[in-house]
Each structure stands twice: as structure tokens, then as C-alpha cells.
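In the two complexes below, chain A is the common chain; its partner is chain B in one and chain C in the other.
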Partner chain A sequence: MSLIEVEDLRVAFPKAGVEAVRGVSLSIAPGECVAIVGESGSGKSVTARTLVGLTGPGATVTAGRFTVKGQDALRFGQRDWRRLRGRFAGLVLQDALLSLDPLRTVGDEIAEVLATHDVVSRADRKARVIELLDAVGVPEPEVRARQYAHQLSGGLRQRALIASAIAADPPLIIADEPTTALDVTVQAQILRLLAARRAEGTALLMISHDLAVVSSIADRVLVMKDGVIVEEGPTARVLSAPAHDYTRLLLAAVPSAASRGTRLSAIAGGVSLRAPLPERHVGHGAPVVEVSGLSAAYGTRKVVDDVSFEVYPGETVGIVGESGSGKTTVARLVLGLLEPVSGGVRLNGDPWSGVSERRRRSRRSGIQVISQNPLGSFDPRYTVGRLIAEPLSGSSSDRKARVIELLGRVGLAPDIAGRHPRRLSGGQRQRVAIARAIAPRPDVLVCDEPVSALDVSIQAQVLDLLAEIQAADGTALIFISHDLGVVHHISDRVLVMREGRVVEEGHVDEVFFIPKHDYTRELLGAVPKLAPAEP
Partner chain B sequence: MSTLQLTRRRGLAAAGWLGPVVRRLGSGLAVLWAAATAAYVALLFAPGDTVDVLIGDGLDTPERRAQIIAEWGLDRSALEQYGDYLARLLRGDLGHSYILQRGVGDVLSSQIWPTVSLALTAAVFGVVLALVLALATAGRRSRFGDLVGLSELVVVSVPPFLIGILLLAVFSFTLGWFPVSGDRGFVSLVLPAVALGLQISGVLGQVLREGLERALEEPFAVTARSRGITEWRLVIRHALRHALLPAVTLLGWFTGVLLGGAIIIEAVFGRPGLGQVTVSAVTGKDMPVVMAVVLLSALAYVTVSTIVDLAYLAIDPRLRRSR
Partner chain C sequence: MTTVTEAPQIAPSAPTPPRRRYGVPPGLIPPLLFLIVAAVAATAPRLLTGVDPLAADPLHALAGPSAGHWFGTDHLGRDVLARVVHGAGHSLSIGAAAILLATGIGTLLGIVAGLSPRYLDELLSRLFDVLATFPELLLALMVIAITGPGTGNVILAIGVAQIPNYARVIRAQTFVVRRSGYVEQAVTFGLSRPVLVLRHVLPNVLGPLPVLATIGMGTAIIATSGLSFLGMGPQPPSPEWGSMLSEARNYLRVAPWTALFPGLAVTLTVISLTLVGRRLQRRFEGRNP
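Our next item is the complex of A and B:
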């Protein structure tokens, strides 16, 4: 008997006028791992939450058939659902910093499940909490149980969240983007932990935007788009022989070593994938940016330690590393937003660090930035047109014409100029950020995690756009990312950073195919591959 | 296994409390000192002779002038006077009212309890009412909830003295349930406390409800629900603490409402208290009493804001040990 069986599930939010799920059928057998893959707004999270009766207020749920443990879930009241939650299915959400109550200790959060379902007697609860933390691989569980989510590292608090989901030993875990906010090595650990639970017989429903993440663990994959399952089947089959265009598009959009020099997104109107990108010319001779022996510290803590590199015209230099490795600090130093403790930065041959801001100002147009969250870098009262025109000079009509031209270059319609960035989608906002960054015709663009918050298909479009701009303008890129696939796709050379130091650097193929440093090997080993699960 | 027990077991210092507590007490003392100094400077630079200012509308005789000069040390250097003044304050000597012919400390201590009992009763009434209504209506759209929201808005917009007069008209004059004026035990406290407390409950209720509703939409609330707990438990065990954070911020504002409101409410209900004392001291230019009232309200504010800051630490562990 299946744990959950649902046919023709429909979830609508009538007040918002949205039908989020439109006829989804799925079943989960005991011990099975099923994955739902889709982009934001595909309805995958709503589907997952509906399976435990947590669709939220104002939703109407209908289904042809909906059974949980063989019982008719369409007749469930709140009391029936409560009995199942935690006991029958444990829920693991993204980012435990928000998904664990920040005002309660981790131990109290886990004990809540034990108390609600009377798993163990009151006297044994504390001991059981510590056992559970130990079981999910949290070191020093006695100490951790007394701490709060913000006192734990990202990996530890995600483990704690999993401990609370499995506290009542449910036969099913529903994991909604369980590794999305995590570093790649930590992500690998969490995936191993979930796989271990599965090996012990727990069924797993994984929700993710990342095909690679689920491919290592799922038996079956369901690809969801606009509330509908467009394709489903065994993981190996879906990945190797996708039947639906959307699945093909998703797979082709994943950047990797193999996608270098090719487009990730389909050209508008066309279906041909992986078309070659325009030729890019990398200059030699004088570098645009020269960084030598750069060090920086916050207080007494050294965050960047003796970093040196050059960037040549038209070249892309990738910087990879996990959170806290100092890669964003390097970006701030290169942009001249932070003064180094020692070492220096030269821009176009002239000193850039250690000079007064007054002398830097006229040269600032030569170096521009694209950040992860463009909305935070926009004045919310400005229209898109005003944002892009800000660095431009000339008459009002000249500037207006140039704004339209720039919008065209980043693939946006001219009427976007009158809109406010808040009203745009994430991908459109990042295009606006790119248009603003290239407006003063910079020699180098510093991109700090520019595609990390985007869906894979949007990421593909933005990466293609950056490549086009580079080919046309000969702009150099400093590309900072935690995503090794993205960096391998776009970069010529790469720097691997750890704890403020560059541990390895070189041509991206050399570094990623024949890594010399242990840490590079560890990073590469942790990257989930688009390969079917081992039988 | 409550968090508070754990905190106690680990000791104040380990939980990151010691530093903030010491810092808060230190800055509280500094504010009190500044208030005392400001009151003193205001006295010295008030227009006219300091002796005239201190006498106010009191009887002006050569003997009394000599007494004031001796008492305030006005024949000595400014620095010595100031030192003397602070030393007297530290001993608890607030000076002498030349109009009432009594020690200021004596005047205040006889009048402080009616005001404190009024303010505390009003605060307890306001807080309890706000909590009950917020818990009963948060997260549920109902006709009752709409009615509560509307009443809160009305209560916040109407000045307390008007509420007081309305209460008097209904419950004292018409129904005769409560005395019209004076201080005759708890019965006479009810209407003034309600008049004063309603405004607090109106504002606090809105803030609490909004805080509860916001907390109930956070991801951790989804996680908590996914453990199978009831909505009521979710509100009490999780959401309420989150809602308390913005509510606690209002405590400082309460102090102002209660102090300022007490003066008016005491007049409306003909109650004795600091309000009456302050009004007659200001109209009679009784400077020593006015200065003492200033110091007293500064003390009240410092006490409350210290409590507020420590309450933040108690509620939100993220603020402890933050540098």
C-alpha cells in the first residue's frame, strides 16, 4: 500500500485568482524516494505542503482521490491532519535559520515533536533529543541542544531541523529545498544524511529546483511546470532521455564544463539548444585589473590574506569558495569600497587602492558591479529608466535614447523604462542591473553571485547575456560564485579561495579536471552530478 | 526543559547577560545624573534671583530668604553649591517647599501611592485586555475580530479624559455602581484605571495582533505545524514571544501615557495624587516641588527603559552577546 496516493490534485487560491496546482497525480511507496523538480511558481512546494494538509489559509483543495495511509484524506479535519503531521510525515524546509523558531533552543524545538506525539515519557525527552542530534551527526549534542539556531552553522542547524522532522520516526520525510541555502560541501553532507535515512527504510519526497541535487538520491523524478507534471519517470530515464521539451530545456540550461562556449538558453523562437556563443577575444599585454599581495581584516580577524591576480581585457576570472572564504571581500577591495591592510589594486595600470575617493571618482565608470540581489542596490523610488540613466551624461533625449538601446541589449522592451524594479521578475531585475552596469561602458564588471538567486532557466539567459556583452564590448569579468558549474562554464581562469587565501589557481579546465589542492578536490567531490542514482 | 531554566543553570555571565546588564545600569545612572544636573541648571539660569525663584508664590520675609541662602548654599561658589545639591539628592533630601511649608520628600511620599496604584492598575488592566483580545482574534477573520479592531481604533482616537467623563456619566451618575470622586479604596480606582488603561490596550492590542499574525506566517510556524501541534499551542509557545518584541518597545510610551494621563484623570475623578501636586506646584511656581517631579519622572523613565532593554534580552536570544 502506498503511503500517499493522490489523483488529479488541484489547489487554488481563489482570493489571489491563482490555480497553483492543476491536476497532479502521484504516489509514494514505503521506502521510495520521489523527487519533484521545477522552477519557482511551478507549484511544487504547494503540492508538497498539501500532502500534509498545510496548504495554508484561503486555499481550496480538490482531488479525484487522495489517500494517506489508505485513509481518505479529503474527509480529514484539522485533528486528523495533526495526528499525521510529525508522526506519519516529517517536513524539512529550506534554511533552518528561518524554519526553526529563532527564539527557542534547538532542543526545545525537537522536544516539541516528542511531546506532541507522546513518543517518549516526559522524563526521557531530554535524553531522546540528544540521541536524535547525535543520530543526525551533530557533534557535542548536549551543548547544541541548549543553543539557538543562530548559534549553529548552516549545516548543523539543517541537521537539527532534520532531527526534529524524524523525532517521531515517521515513515515519510518531505524535504522542500533542504539544501538550497547551503555551501556545496555542506549540501553533500545533508544529502548523505537523507540518503542514510532512506537506506533505513524511510520514504523521501524531495522538492528541488536543482535536477543535479535530486538525481543522486531519487528513484523517480516528476518535472513540474505551471502547476502540471510535464514529465515523470525513473531518474535515469528522465535525465538520459528526456521526453518533454521543458525537461530538455532544463537539462540544457545547467552550466558545466561541457557547456563551455555554448548557449545555455534557447534562442528566442528557436528550439536549437547549445548553439555556439559569439567569439570572445581575450587581450594580452596590459591587464585591466592587477591585484598584488592583497590583505584585509575586519577588526583583528584577517578575512583576505595575500591574494594576487590579474585580469586581462575580455577575460573572465572566476573566484570560487564557500561562505566566509573572503571572496566577497575581494570584490569589495577590487571595487575600492574597502581599503586593504596591505597590498594594492591597480586599475588600467594606475593605483586604485590607497588613493583618495575624490581622485577615484572620475575613474569609477571603468569598473562596475552586479550583485546577487539587484533590488537591494536599486533606489526603490526610481523607475528603471532613471536607474539606468543615472551614470549617463549628455542631453535628456540622448540619455533617453541610450536607455532604450541598453534595455534592448539586455533583452528588455523599451516600456520597461517606466516601471519600478519592484514590479519586475527576478530575471528582469538582474537584466536591469546589467544594463545599468554596462551603461558607462566599463572595462571590467565585478559580478558577485549574480545568478545565485535565479531559477536555472533564467540563470541560463543571464549567463548567455553576459557572454554576449563580453564578446561585443571586450569587457573583462571578475565572476564570484559558490557554484562550480557556473564558474566552469563562464571562466577562463579560476581562483579557489579558502579562509581568505587563494589555495589554487590556473586555467579553469586544469584546476577543475586535475585539481592539485585537497580543498579543491573536496569542493569538486561535493558537487552533485547530473547522473542517475546508483541502483 | 524551558529556556529560562537552562539560562539559570548556565549562569548569567555564560548566557551573555552580564555585560548588557552592567552597561544598562551604568547608562541609567548617567541619565539620572544628567536629569538632576539639567534641573539644577534650569534653576540657576531661571530669570530673576534664585532666591525669588525658590520662594515662588510663598511668603517672602528676610528670615526666610536667609534660610534659603543657607539651605541651598547660595553664598558659596557655584561648584560647591552643585556638589552640595547632588549630595543632598543622594541622601534622599529633595529640599523644602516654601509654599506648602513642608519637606518636598514628605509632600511627594504622601501623594505618590494614589498615583502609583492608579498607574499600575491601569497598566495591568490595559495589558490583560490587550492580550486576551489579541489572542482571541489573531489569525482568524471573524465578525468579532472586526468589531475588536474597530473598538481599538475608537479607543485610541478618543482622549482618556473624555472616556473618563463618559464612564462617570454611565456608571456613576446613571447606574450608581461606582463613586463619583475621591479615593475610597479599590472601588473608586476602577473607573479611572479603565479610562487610563483603555488607550494602552487599544495600541498594545493592535501591535500584539499584528505581531502574532506576522509570526504565524513565518517559515518556523509551518515547521511547528508540521510537527502536529495545535494552533493554540503554536500561538502560545511560538508566536507570542515574537509578538512581545514590538510590544515591549511600547513600554516606554506607556510610561508617558500613564504619567501624563494620570494628571488629567486625577483631575477628572477628583483623586489625590502626583497630578494634583504637580499642577498646583506649577501654577504656584513652587520650584523645589517641580524639580522633584522632574527627577521622579526621569527615574520612572530610566527604570522602565532598563526593564525594556533587559526584557529584549530575555525574549530574544539573538540580541545576547551581540557585539
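Our next item is the complex of A and C:
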């Protein structure tokens, strides 16, 4: 008997006029791992929440058949659902900091699940909490149980959340993007932990935007788009021989070593994937940016320590590292937004750090930035046209014409100029940010996690756009990312950073295929590969 | 730092927010209507009443509400309705002028503090803190004690008392804007500091000001009435809600209407301003991503 079985599930939010889920059928057998993969807005999270009765107020749920443990779930009230949650299905959400009560210790949080479902006697509860924390690999469980969520690192928080999800020993765990906010090495640990629970017989429903993440763990994959499951099947089959165009597009959009030099997105109107990108010319001779012995500190804490590298015209230098490795600080130093403690930056051969802002001002057009959150870098009062025109000079009609031209270059229609960025999608916003960054014709673009917040198909388009611009203008890129696949796809050379230091650097193929440093190896080993799980 | 955590908020297909509905929510119609009437009373009282607020008629003193005198008459037989209507001009203009003074100086000081080097900011901030520890009315009374009573002095007193409120909010807002992504971005365009401040910092700092001023105006009107009640405001016989209340104090038992109507005027004005202000505030906050 299936744990959960649902046919023709429909979830609508009539007030917002949205039908988020439109006819989904799925079943989860005991001990099975099923994954729902899709981009944001596909309805995957709503589906998962509906399965445990957490659709939220204002939603109408209908289904041809909806059984949980053989009981008709369409007739469940809140009370029935409450009894099921925790006991029957443990829920693990993306952000443990939001899911854990900030006013209670981690131990209390887990104990609550034990108390609600009467799993162990009151006297044994404390010991059981420690056991659970230990089981999910939290070091020093006695200490951690007395701490609050904000005192734990992201990885430990996620483990604590999993501990509370499995506290009542449910036969099913529903994990909604459980590793999205985590660094790649921590992600690998969490995935191993979930896999271990599975090996012990717990069924797993995994929701993710990342095909690679689910491929290592799922038996079956359901690909969801616009509220509909467009393809489903055994993981190996879906990944190796996708039947639906959308699945193919998703798979082709994943950047990796194999995708170097090719387009990740389909060319407009065509379905041909992985077309070659335009030829790019890397200059030799004088570097555009020279960084030597750069160090920076916040207070007494050194965040960047003796970093040196050069960037040549038309070249892409990738910087990879986990959160806190100092990547963004390097970007700020190179941009001249932060003064180094020692060492220096030269731009086009002349000193860039250590000179007054007044003297830098006229040269600022030579170096521009694209950040992760374009909306935050836009003056909230500005329209798209005004944003892009700001770094431009010349008469107002000249600038207007340039804005239209730039919008065209980034693939946006001219009428977007009058719109407000808040009314644009994430991908469109990033295109606006790119148009603005290339407006003053810079020699070098600093890209700080420019695609991290984007869905994989949008990420593919933006990466292709950057490659086109680079080929046409000969702009050098400093590309900062935590995503090794993206960096491998786009970079010529790469620097691997850890705790403010560059631990390894070189040609991207050399570093990624023949890593010399242990940390690089650890990072690469942690990256989930797009390969079906061993049967 | 890698903040993939933000992904869901700014994810590309995050549905565009539902189109904002224009038009006034039904709950706001009464306060808005009341404020419109109050504004008419303040600017053109003759439109609402033809009766002279100063015309005394001792024969009909302390008469209850009737067809001839809707709100009744006071101890000198003056029409209470006419006095309430004419009083709006005093109460509202004093409140508005005081807020103008407070927002003007408060904003200036707040921005200066927010943009200055640390020691100057510390100095100004401590000054605001010290001023803010005094209750507003007490501070206003202290100013009056120095300047003496009168309309102009009441404006000065209430304005000065409110300065720290605005200065502190604007200073905090300046800090936020100054460190925002868009100001940093503007630095990378090579804008000079004055241009940067005028073009990006100032307009974004001033955003919440109309909202704050609307809510502050309610406080100022209460303070105005309070000071007038104590005899510090416009001197009799000018009608002013606070001083009307003060005069009515002695006749509460025999002629409660002499206190009721000016009291209602103050209360309803403040409630209306607060309701409208809160609504503006919600709207403003919803607008800012």
C-alpha cells in the first residue's frame, strides 16, 4: 500500500486568481525516494505542502483521489492533519532559521515533537533528543541541544531540523529544497544524511530545483512545470533519455565542464541546444586588472589574505569558494569600494587602490559590477530607462538612443525602458543590470554571483548573454560564484578561495580535473553530479 | 558572501505583485471626509457658518443645542458651532506650522548626522537622545517658559519638542540608504559625493517624511490644544479648541456641550490623521521592496 496516493490533484488560490497545481498524480511507496523537480513557480512546493495539509488559507484543494495511509485525505480536518504531521510525515524546509522557533532551544524544539506524538515518556525525552541529534551527525549534541537556532551554522541548523522531522520516526520525510541555502560541502553532508535515513527504510519526497541534487538520491523523478507534471520516470531514464522538451532544456541548461564554449539556452525560435558560442579573443600583453598581495580586514578579523592575480583583456577569471571565503570582499576591493590593508590593485596599468576617490572617479567607467540581487542595486524610484541612462553621458536624445540600443543588446524590448524594475522578472532585472553595467563600455566587469538567484533556464540565458557581450566587446570578466559548474563553464582561469586565501589557481580544466589542493578536491567531490543513483 | 538564501524572494518567476487597486478603502472615507471638512473650516470658515464666533449674547448664555445654535452657546452666549469652526484655523495651522518646523529642522539634522563623520554623528545623536528623554509637552512648556505665551511661541515650542523624533528617524533612514546597494552602485559610476547625495540619498531618505508628518500632525494638534488649555496659546477671545475646553471647564455640569464639541473636534481630527497616516505608512512600506 502506498503511503500517499493522489490523483488529479488541483490546488487553486481563487483570491489571487492562480491555479498553482493543475492535475498532478503521484504516489509514494514505503521506502521509496521520489523527487519533484521544477523551477520557481512550477507548483512543486504547493504540491508537497498539500500532501501534508499545509496548503495555507485561501486555497481550494480538489482531487480525484487523495489517500494518506489508505484513508481519504479529502475529508481530513485540521486535527487529522496535525496528527499526521510529524508522526506520519516529517517536514524539512529550506531555511532552518525560519523553521525553528527563535525563542526556543533546538533541544526544546525536538522535544516538542516527541511530546506531541507521545513517542517516549517524559523522563526519557531529554535522552532521546540527544540521541536524535547524534543520529543526524550533530557534534556535541548535549551542548547543541541547549543552543538556539541562530547560534548554529546553516548546516547544523538543517541537521537539527531533520532531527525534529524524524523525531517521531515517521515513515515519510518531505524535504522542500533542503540544501538550497547551504554551501556545497555542507549540502553533500545533508544529502548523505537523507540517503542514510532512506537506507533505513524511510520514504523520501524531495523537492528541488536542482536536477543534480536529486539525481544522486531519487528512484523516480517528476518534472514539473506550470502546475503540471510534464515528465516522470525512473531517475536514470529521465536523465539519460528525457522524453519531454522541457526536461531536455533543463538538462542542457546545466553548466558544467562539458558545456564550455557552447550555449546553454536554446536560440530564439530554435530547439537546437548546445550551439557553439561566438569565438572569444583573450588578449596577452598588459593585464586590465593586476592584484598583488591584497589583504583586507574588518576590524581585527582578516577576511582577505595575500591574494594576487591578473586579468587580461577578454579573459574570464573565476573565483570560487564557500560563504565566508572572502570572494565578495575581493570584488569590493577590486571595485575600489573598500581599501586594502596591504597590497594593491592596478587598473589598466595605473594604481587603483590607495588613490583618492576624486582621482578614481573619471576612471570608474572602466570597471563595472553586476551583483546577485539587481533590485538592491537599483534606486527604488528609478525606471529601467533612467537606471541604464545614469552612467551614460551626452545629450538626452543621445542617451535615450543608447538606452534603446543597450536594451536590444541584452534582449529586452524598448518599451521596458518606461517600466519599473519591480514589475520585471528576476531574469529581466538581471538583464537590465547587465545593460547598465556595459553602458559605459567598461574594460572589466566584476560579476558577483550574478546568476545565483536565478532558475537554471534563466541562468542559462544570462550566462549566454554574458558570453556574447564578452565576445563582442572584448570585456574581461571577474566571475565570482559558489557554483563550480557555472565557473567551469564560463571561466578561463580560476582561483579557489578559502578563509580569505587563494588555495589553488590555474587554468580551469587543470584545477577542476587535476586538483592539487585537498580543499579543491573536497569541494569538487561534494558537487552533486548529474548521474543516476546506483540501483 | 554567498547568500543563496535570498533565492526564493528574488526568484525570477516570483509572481508580479497583484496590481495595486486605486481608490479609497471604505474604512478611510469617514476620516478623509472629516479632514476635508476640517480643512475647509480652517481655510474658509464662512462657508460653514455665517455666525460671528466672537459675537456675545449674554441673554442666551449656556443655552443647550437647538435649531438656532446647533452646538449650543457658551458662558458668554457665543455660538459654539461657530467657535469650533473658526477654531479649526488656529488649531490646524499651529499644528501644521509646528510640524513644518520640526520636519524641516529634524530632517536637516538627521541627514547631517547620518552623513557626517562618526564624532559629529555621535554628538548630534546624543543631543537628540537627551531631547527625546523629555516628554514633548514638558519640553514645549520649557520653551514657552523662556519665550512667553502666544501663537508664534506655541508653534516654536511644539516644533522644537518634536525635532528629535524626526531627526532620529531620518538619521536611521540615511544610514540605511547610504549603505544600500544602489548607492554603492552609483559610486561605481564615478558620481561625485554631492551629486550622489542629492540624486540618490536625499530623495530616498525623504520618502517616509509625508507619512511621519501626517501622524506627527495629530500629536502636534493635541499639544497645541494642551498648551492652549493651559493658557499658553492664542489669547482669548480668539476661538481655539484647547482654550475653548479650558473655558468650558467651569461649566461642565451645567453646559457639557461647551466642552463636548471642541473636545470631539480635537479627538476626531487626531484619530482621522492617525488613520490616514497609518494607511499611508502601510502603503509606503509595501512599496519598498
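We take it that the second predicted complex is superposed on the first by the 535 of 535 C-alpha atoms of A that agree within 3 Å, B and C clash if a C-alpha of one lies under 4 Å from a C-alpha of the other, contacts with A are read in each partner's own complex, and residues count from 1 in each chain.
Basically, contacts are C-beta pairs under 8 Å (C-beta built on N, C-alpha and C of every residue); 3 or more make two chains touch, one makes a residue touch a chain.
Fair warning: this is a prediction, and the values are worked out from it, not measured in the lab.
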Which of chain B and chain C A:R301 touches, first, second, both or neither: neither
First (chain B), second (chain C), both or neither touched by A:T116: first
Partner chain in contact with A:H284 - chain B first, chain C second, else both or neither: neither
Touch count on chain A, higher of chain B and chain C: C
Partner chain(s) touched by A:L335 [first = chain B, second = chain C, both, neither]: second
Partner chain(s) touched by A:S40 [first = chain B, second = chain C, both, neither]: second
First (chain B), second (chain C), both or neither touched by A:S164: first
First, second, both or neither for A:R82, with chain B first and chain C second: first
Which superposed partner A:D95 touches (first chain B, second chain C, both, neither): both
Footprint overlap on chain A, where chain B in one structure and chain C in the other make contact: 94-95
Complex interface listing, chain C residues touching chain A: 1-8, 10-18, 180-182, 184-193, 200, 203-204, 287-289
Residues of chain A defined as touching chain C within the complex: 16, 18, 39-41, 94-95, 180-181, 183, 322-324, 327-328, 335, 337, 357, 360-365, 367-369, 371-373, 375-381, 390-391, 422-423, 425-429, 440, 449, 452-455, 458, 482
Touching residues on chain A, where the partner in the complex is chain B: 49, 52, 54, 78, 82-87, 89-91, 93-95, 98-105, 107-109, 111-113, 116-117, 125-126, 146, 148, 150-151, 161, 164-165, 167
Contact set on chain B toward chain A in their complex: 1-3, 6, 10, 218-220, 222-231, 233, 237-238, 241-242, 315-318
